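Here the chain labels run A, B, C and D in written order, and each chain numbers its own residues starting at 1.
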C-alpha cells in the first residue's frame, strides 16, 4: 500500500514554554519547522486569545505570513465543547451546534483542514454539524483518546453516524496514548515523589506490561495498601490503556489524523511506553496518508523538579518518526 | 499541572485607594493548558496564613476589566487566557501586615470533558514590604 | 464470502436442570438435537464426573452412541486452569501445562476438536502447550469474554503467541456477551429485588446504551447513592461490555469458535441485550465456518423467583440463529 | 448462583454413634456450575441459630469417603461434583435439639479465574424431629 504519512507538530507540545511566555506563537511555529515537520496543529484556545472568535484581520495576515515564512501548513485545530460553560445550564443541542460552528469558522479562517473533536461531543451533535463542516470542506475527527479505543461503545456510536451519513467529513483521530504498552515512568515517578510506594509502583508497571486487566491490579493494590496515593498509581493502569494496533486497520479509511502522544523521549529516539513502530507499520500498511502530529505531554510530570525542554522533546519525537519511515 | 506557576509574586502589593489600604493583590495564572471564559471559573479561593478569605471579596482583574464573583459567573465572552497573568484583588481592611505570609490559591475550573471539577492548589510564602 | 456457520449448544445452558438432576446428560444432548443444532459443547467439569480424568471405556462407548443416536457431533470442551488448586501453592508453568494436557487428552478421547481456554491461562503456558494440541489436532481458543475485547492488552499477548508460532491450532473464541449493547434486564431486576434503587438502575441502563464510559456512570451513581447495592448496578456497566462487532473482522481467520451467550430470549426470538444480527453479519461477511454454540446464562438471575426453563430458552436462541441465516 | 439449592434438608438428622448422638448431618450441594477438587474448598462454614460452629468439627462425606478440614485441603483428586448432594456431618454433643432451627451454610470456593474468593451463603429453617 502506498503511504505518504506526513509529519506535523501540535503546538500543545510547547505548552510549558508558551505558558511562561518563553516562547511566542511564532517561536513555536519556527521550532516546528526546524524539525522538518510541515504540519501545524493548535489547541486554538491555547494559542490564539479569544478563540473561537475570529482573530483580527491583522493576525490572520500574520498567520499566513508565518506559514509561508516557515514552509508549514495549518493541519488541525483542536476544539472543545463546554456544555456547562454557563453555571447551572447545560447546552441544548442547538447551543452546542452553534458553539461548534464557531470553531469551524475559526478553523476555516486560519486554513485548517481538520478539526479535532473533543470526546464529550455527542453523536447527535455530530450529525447536526456535519453539513456545516462539509460546506467548509473541513474534516471532523473524533479523538480516540485513552481509555477509549476505536471500537469502544462511545466510538461505535460515532462510527454509526459515519456509516449512516456516508460523509467523507467525519472520521477518527487516534491518539497514540491509546497504545500505552508500558506506563510512562515520568507519570509513575511523579506519584512516587508524591508519596506512592515504589514497590507497589513496580508491581503496577509489571502488571500493566503483562496486559493484566486493570481491575485486577487495582484490586491487588487495594489489598496491599489503603493509601490513596498508591491507589492512584494502580488507577494509571486503568486510564493509560493499550489496544492491539491492528484494531485501526478496519477503520483505516476513516482515520483523518493521528495525535503523536508521547511522555518522554530517550536519547535514542524511543518513547518507551508506546510501540510507535508497530502502530506506524499498521498505518503504513493501511495506506494512511495524513499527518502524525507530535503531542508532547510530559511537562506536567516533571515541571516540579526540573526545567522542561519541549523543543528537544519534540525534536527527538520527530526524529523517531523519521526513523520509522515517516519522511 | 502548572500549579507552581499559579501565584505570581511580582504583582504582590497592598492596594491604596483614596489614602486607605483597601486590600491586597497578586498576580495569578490559570493552571490549565488552554484559556477559559470567566464563567467556567467555578471557584477562586484565596487563603492567607491558613485562613480562607470570603469569595465575595475576591475580584478578578483581566486586562482592563474587573469582575466580582457574580460577574465572573455570568461572563461568557471575556477569557482568562493560557499563561496570562491576571490580578486578583482581595478586599481586606488594612491589607496584609508587613512581613512573611503563607498565600494559598485554589482554582476550580468547570471543564466540559471532565465529570468532576478540576481543582488545582498552590501555596507560596510571600513577603509584604 | 461463503460462510457455513453451524449451530451448536453448550450443555452449560441446561445447568439449572442438570444441577437439580431433572435432566441427565443424555436429556441435554437430546434437547440440543431437538433444536436442529448439530454441535455439542460441554463444560467437562460440569457434565462428566472426574473430568479431566479420562472417563471409563463404558462411558466413552455410551458417549459416541449418543452422538450417533442424536446426530450430533462433539465440538468443544471448556477447560479450566486452577493455578491455586492446592492451598498456598501456585502452579509452576510445568504443573499448569500438565493440567492442560490432561484436558487435551480428555477432549481428544471424547472426540472434541476444540478446547475453550479459560481467560486466566497465560500466553507463556499457551506457547508450551501448543505442540501437544497440534499433535492431537485439537484447536485451542482463548475465550474473549466481557470485559475483555479481542484487542485488549491480554488478548494482544495471546495474539502475539499466535503470530509468533504461526500455528493453526490457537485462536480466539469470542463470547457474545462482549457485545452487550443494553444491560440484561434479568440481571438488573435481580439487583432491584436485592434492594437497588429502580431510578438509579434506569439511569445506568440508559447510560450503558448510550455508550457512556462505565467510569462516568459509576462516578455519577456514587454521587447519587452510598449504598453498595446501587454501586453493584453501576458496576454492571463496567463488566458487561460492548465493542464494535467489526473488531472481529481483522481476526476472522483466527476465530475458531463462538460462544452464543444470552440471558433471556423474548417470544419473538430476540436477545434484547446483544445485537446478534450485527455480529452474525460480521461473521458471515468474514467467511466464518465454525459453530455458534448457545450459552444460556440467565438461570442464576431468575432462579430465586421462578422456575427456569432452559430448554425453551435454548430453543428460542436456536430459532434466532436460524432467523439470522445460520442454518 | 444456586444458593437456594445449597442446603438439602432431606438428609437432615442427628447422627447416633454407639448409642450416643455424636452430631448432626444434612445434605449440601456446591453452589457452582462445575465440580471442584476438594482442595478448592477454602471454607465450609456451618451455623445454627446464628452461631458459627467450629471448622474442625465439619466433615464432608463424599460418596464413600469422609474428609475433615485438613484432609479436604490436601485432596486434589476427589471432587464435589456439580449438582452432587454430599453430606456434611458436624460433630456436636447431643446434636441439635428437637424443633425448629435456622441452619446456615457458607461455602467459599478458591477459583482460578477469579481474583477474589467466591463466597455463597444459604439459610434455611429446618426442623429436627
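Assume contacts are C-beta pairs under 8 Å (C-beta built on N, C-alpha and C of every residue); 3 or more make two chains touch, one makes a residue touch a chain.
Note that this is a predicted model, so its numbers are computed, not measured.
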item: Reference subunit A; chain at largest CA-centroid distance; value: D
item: Computed distance of Cα centres, subunit D from subunit C, in Å; value: 30
item: Distance from the mean Cα position of subunit C to that of subunit A, given in whole angstrom; value: 36
item: For subunit B paired with subunit D, centre-to-centre distance based on mean C-alpha positions, whole Å; value: 66
item: Interface hub residues of subunit C, defined as touching at least two other chains; value: none
item: Contacts with two or more other chains, residues of subunit B listed in rising order; value: none
item: Chain contact topology (line, ring, star, complete or other); value: other
item: Pairs of chains found to touch, sorted by chain label; value: A-B, A-C, A-D, B-C, C-D
item: Contacting residues of subunit C [partner subunit A, same complex]; value: 147-157, 159, 181, 208, 210-213, 215, 238, 241-244, 246-247, 249-250
item: Touching residues on subunit C, where the partner in the complex is subunit D; value: 12, 15, 18-21, 43, 45-47, 49-51, 80-87, 118-120, 299-300, 303-304
item: Subunit D residues touching subunit C - in the complex, by the definition given at the top; value: 1-2, 4-5, 29, 33-37, 39-40, 42, 73-74, 76, 79, 81-84, 110-113
item: Of subunit D, residues touching subunit A in the complex; value: 115-116
item: Partner subunit B, residues of subunit C touching it in the complex; value: 216, 219-220
